[in-house]
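By letter and in written order, the chains are A, B, C and D; residue numbering begins at 1 in each of them.
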Amino acid sequence: MSSESLIAALYVFALAAFLGYQVISRVPPLLHTPLMSATNAISGISLVGSIVIAGSGHGTVATILGFVAVVCSTTNVVGGFVITDRMLRMFKRKEAPKK
Amino acid sequence: MSSESLIAALYVFALAAFLGYQVISRVPPLLHTPLMSATNAISGISLVGSIVIAGSGHGTVATILGFVAVVCSTTNVVGGFVITDRMLRMFKRKEAPKK
Amino acid sequence: MQLRIYFIEFSYLLASILFVLGLKGLSHPETAKRGMHLAEFGMTMAIIGALMHFEIVSYTWIIVGLLVGSTLGAAMGVWVPMTAMPQRTALSHAFGAFAAALVGIAEYYSYTHGFKPIVQLGHLTMSAMGFEIMLGALTTTGSLIAFGKLQGIVPGKPLVYRGQNIFNMLLLATTIGLFIYLIFVPTAVIPFYLMLTFAFVFGILLVLPIGSADMPVVMSLLNSYAGLASAATGFVLSNNVLIIAGTLDGFSGFILSVLMCRAMNRSMTNVLFGAFGSAATVAGGEGEHGEMREVSLDDVAVQLAYAQQVVFVPGYGMATAQAQHVVRELGDTLEKRGVTVKYGIHPVAGRMPGHMNVLLAEANVPYSSLYELEQINPEFPTTDVVLVIGANDVVNPDARDNPNSPIAGMPILEVDHAKSVVVLKRGQGKGFSGLENPLFFKPNTGMLYGDAKDTLTKLVSAVQHA
Amino acid sequence: MQLRIYFIEFSYLLASILFVLGLKGLSHPETAKRGMHLAEFGMTMAIIGALMHFEIVSYTWIIVGLLVGSTLGAAMGVWVPMTAMPQRTALSHAFGAFAAALVGIAEYYSYTHGFKPIVQLGHLTMSAMGFEIMLGALTTTGSLIAFGKLQGIVPGKPLVYRGQNIFNMLLLATTIGLFIYLIFVPTAVIPFYLMLTFAFVFGILLVLPIGSADMPVVMSLLNSYAGLASAATGFVLSNNVLIIAGTLDGFSGFILSVLMCRAMNRSMTNVLFGAFGSAATVAGGEGEHGEMREVSLDDVAVQLAYAQQVVFVPGYGMATAQAQHVVRELGDTLEKRGVTVKYGIHPVAGRMPGHMNVLLAEANVPYSSLYELEQINPEFPTTDVVLVIGANDVVNPDARDNPNSPIAGMPILEVDHAKSVVVLKRGQGKGFSGLENPLFFKPNTGMLYGDAKDTLTKLVSAVQHA
């Protein structure tokens, strides 16, 4: 990794950190559980790295590692999103005030 | 500009845009005027570019242009911050409810 | 060629933006669904981008992996019951972290086995890789233990032995030592795999000594570790979408744990290193004072039936009893009788953030009738009956009144201000904090013993005939 | 060497972070000061970083420039009165944009005169540079005209001639055409300087036809243009701190203009292209209905002196009359007599965002007694006297009642709900929107003519003797 790319990465990291703080801190407690599963799904992004490794044929070992990585992260991605959707579909607005 | 650096720049831009939106939209109307002068001051950042040009001796023309740029942006930086401070010092909390 | 690079990078950039938008959507239940669809689309873009990479020579294993993963994921997603959310979350942290770790290992392997020019394995790359692998490894095993404890496979109560802390500290020190050594001598293969193993072991030892009750906080921390691991992967592959997504993930975990601590008022340090101790051992509390007044089911039914306003305060007990549906039933029955029914939700009621909200949402309680701490507390004085359904700590007046109480200062639902309080619990059981709860001894408090679900079912019919 | 690069980059990164923190600080008056100090420190770091660059061979002109600039800036900062804020802002937009433009030109010059390898002047660099220069140039002249109009050097009323829009459009088209040509042939010097000139001219023509009343919105847009220009500079020099600061600046300008439009309820498009027309020409309004009731100063004094609660509603008139200090005096006198005094501040009262807040703050009115639209409107029914001090549009009931009014739907301060309203204005003058204001004809409204400052001074003494 060159120093330039390190620096660029640091900028992205710093900005993402701020953004993360700003965005997440605005999520109401009501949605904290969906938030957890949503971020799980998003953290499945390591799939991107896994795919490249599983495919780049750097010997059997690397391929196997990559393959397992792909399985794990795909599970996260799919599982995470499915569950989040399932949860969110459960949150309903009051039909009409009953009192 | 290489395509890599363009892409890196785009990421920084996108994140900064989000961040800008999040942060600025949280500034209360009470402080909108200070906000304006504060961002003026910060926009004086083009000073960074100006300095390098004014100093890198790329011929008289470039130097003059750089010099003028330095003057302009420094004026913004100093003026902006001085005024913002002045304004903010004026904003006072109620000493003790008088009613 | 050039074009393809642009396309890949563009898809990554788009993905990053969509992830941020997705999480922004979660700031309101109305926009949440759309937000998630954006995030899903973003992930698709990212995957497409990844599939375009030049390095890829064969797609077989990728496709197989994707298929297997999707099946597993979909199965999980569809079958896991809402009450098992904590376990599932723990498990998926393990998966995520493991994936990150594997990517790191594979990268290292490709460098050390001549698939990538070893010279490129510089100090910077190695440091990033080290972080990735250490965080990944310890999070993997740590989360697995957490999963085990929550699932009841691993004994929930803290496993403690003498000199534990010292040993853990030493292990951590050695691991970090190896890491630092590797930064200077990236090609040292044995130290690398030693570091890896130690990290895995450390994860186990880190979580074993913690009581299952403390898991939620630990999990959120593991969550942020997992996120940071992916971010580190991003540094290794200098891939921005990984950095961004990882950081977002890391932060959400971190913020949630902070919120939990605040609501339980434990200091952040206490949690960060509290992981070396266990809250359950705090316990104590100053024995009985006064006696509990038991009330009969019918009395309660009548009270409820003729009340103006009733507030339900659910807690962990509702979750264990799976009583959310009956709660909703009771609510409806009362509302049919013209009683105003509100739900008071404490931020850390239950065992994970938003636990109660999800359960009640599952039981079709509209979120507009769920009230947060600040909203509901002023209402208690004008409330006729508060029904405390398997909640304990979150309604413990000691937190407010007794400065010496371990939970002193923790914001609570001030149900004791209500005209009368009825507590549903099975017996003398203590709450998560293991403390005595003076609320139960107050004159205006009545105890209604029994499993929440049964009691409530009986109450429903009783109210109908009241 | 390597180290120096790291230091430079680090200082830039730190600066970026500090800028963000600084703006975050502005989310509350308590934290605002600290925030600004962070931003100032950040700027210092950035400057130090810039001074470390290798390209720099001589510091003479840099230092001279810094000195001159600081003197000018300090002078401006200390001497400019709060009432002249709009002008100053316009001027500094001009400076900022001009600096950005100059940097771009100098860069281009160094490429085309062999100080930098011409081959490196690729399409990407050229596009970024083009944006930088076009935005910079048009913002410079545009802001200068805006300054002139606000200062009264340039005639405030819109300068319109036939075929103006077509001409402007054509000019813009040509400029962009040249820009596109340059992207493909970066070395074409003549087109470059043509584009530059056209951009300068376009800036003038863009703002000239706009009435000075509309300046605030235009200024905020120019603000965001200036910001984007700096961001573009960042792309050219691939310097992240420039990109970040520029983007933040651009966004604040954009958001402020959006807020202004919303509060004036003009559509964003109306503003973005309204720049080609002028609000002042909207005018119209349906003549007199009923008559205005003039009230005597002493009556008002008595009313105020014996009121329970009085609300001051300041507007542009207070600014022009420089009456903020007298207002505060009157407020104090009343409070001494036990009258509750509140200030109702409309988001777009005056001529720039937060205009009234700053003026009143200058007059030492604590911000805790300034109330926003939502807070104060419910209070009017229980208010005895509302003193409208040079405000007009922001209290125009037509916005609420008359759907055909040009300002229909603009949120207003509903002073007409108060028990009695006293309007301080000089005569029959209309407000910014040039509309008739039915409020003045309501039975419970009394008009007190004369310059706000004089009237208020008289009122103070009258109240003291009441």
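Heads up, the rule we're going with is that a contact is a pair of C-beta atoms (placed from the backbone, for glycine too) under 8 Å apart; a residue touches a chain by one contact, two chains touch by 3 or more.
All of these numbers come straight from a predicted model, not from anything done at the bench.
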Exercise. Which chains, if any, touch subunit B and subunit D both?
Worked result: A
Problem set entry | Between the pairs A-D and A-C, the one where more C-beta pairs touch | A-C
For this session: Calculate how many whole Å lie between the centre of subunit A and the centre of subunit D, each centre taken as the average of the chain's C-alpha atoms.
Result: 41
Problem set entry | Distance from the mean Cα position of subunit D to that of subunit C, given in whole angstrom | 46
For this session: For subunit A and subunit B, let me know how many angstrom lie between their CA-based centres, rounded off.
Result: 34
Seminar exercise, completed: Chain-centre distance (mean CA atoms) for subunit A and subunit C, in whole Å, is 15
Problem set entry | Residue list for subunit B, restricted to those that touch at least two other chains | 3, 5, 8, 11-12, 15-16, 18-19, 23
Exercise. Residues of subunit D that touch two or more other chains: which are they?
Worked result: 20, 240, 244
Problem set entry | For the subunit B and subunit A complex, residues of the former touching the latter | 4-5, 8, 11-12, 15-16, 18-19, 22-23
Exercise. In the complex of these two chains, what residues of subunit B are touching subunit C?
Worked result: 3, 7-8, 10-11, 14-15, 18
Exercise. Hey, which residues of subunit B end up touching subunit D in the complex?
Worked result: 1, 3, 5-6, 8-9, 12-13, 16-17, 19-21, 23-59, 61-63, 65-95, 98-99
For this session: Name, in rising order, each residue of subunit C that touches subunit A in their complex.
Result: 12, 15, 19-20, 22-24, 26-30, 32-33, 36, 39-40, 43, 46-47, 49-51, 53, 55-59, 61-62, 64-66, 68-70, 72-74, 76-78, 80, 82, 85, 88-89, 92-93, 95-96, 98-100, 102-103, 105-107, 109-110, 113, 115-116, 122, 124-125, 128, 220, 223, 226-227, 229-231, 233-253, 255-256, 259, 335, 338, 340, 345, 347, 352-355, 357-358, 361-362, 364, 366-370, 372
For this session: Name, in rising order, each residue of subunit C that touches subunit B in their complex.
Result: 2, 5-6, 9, 13, 16-17, 20, 240, 244
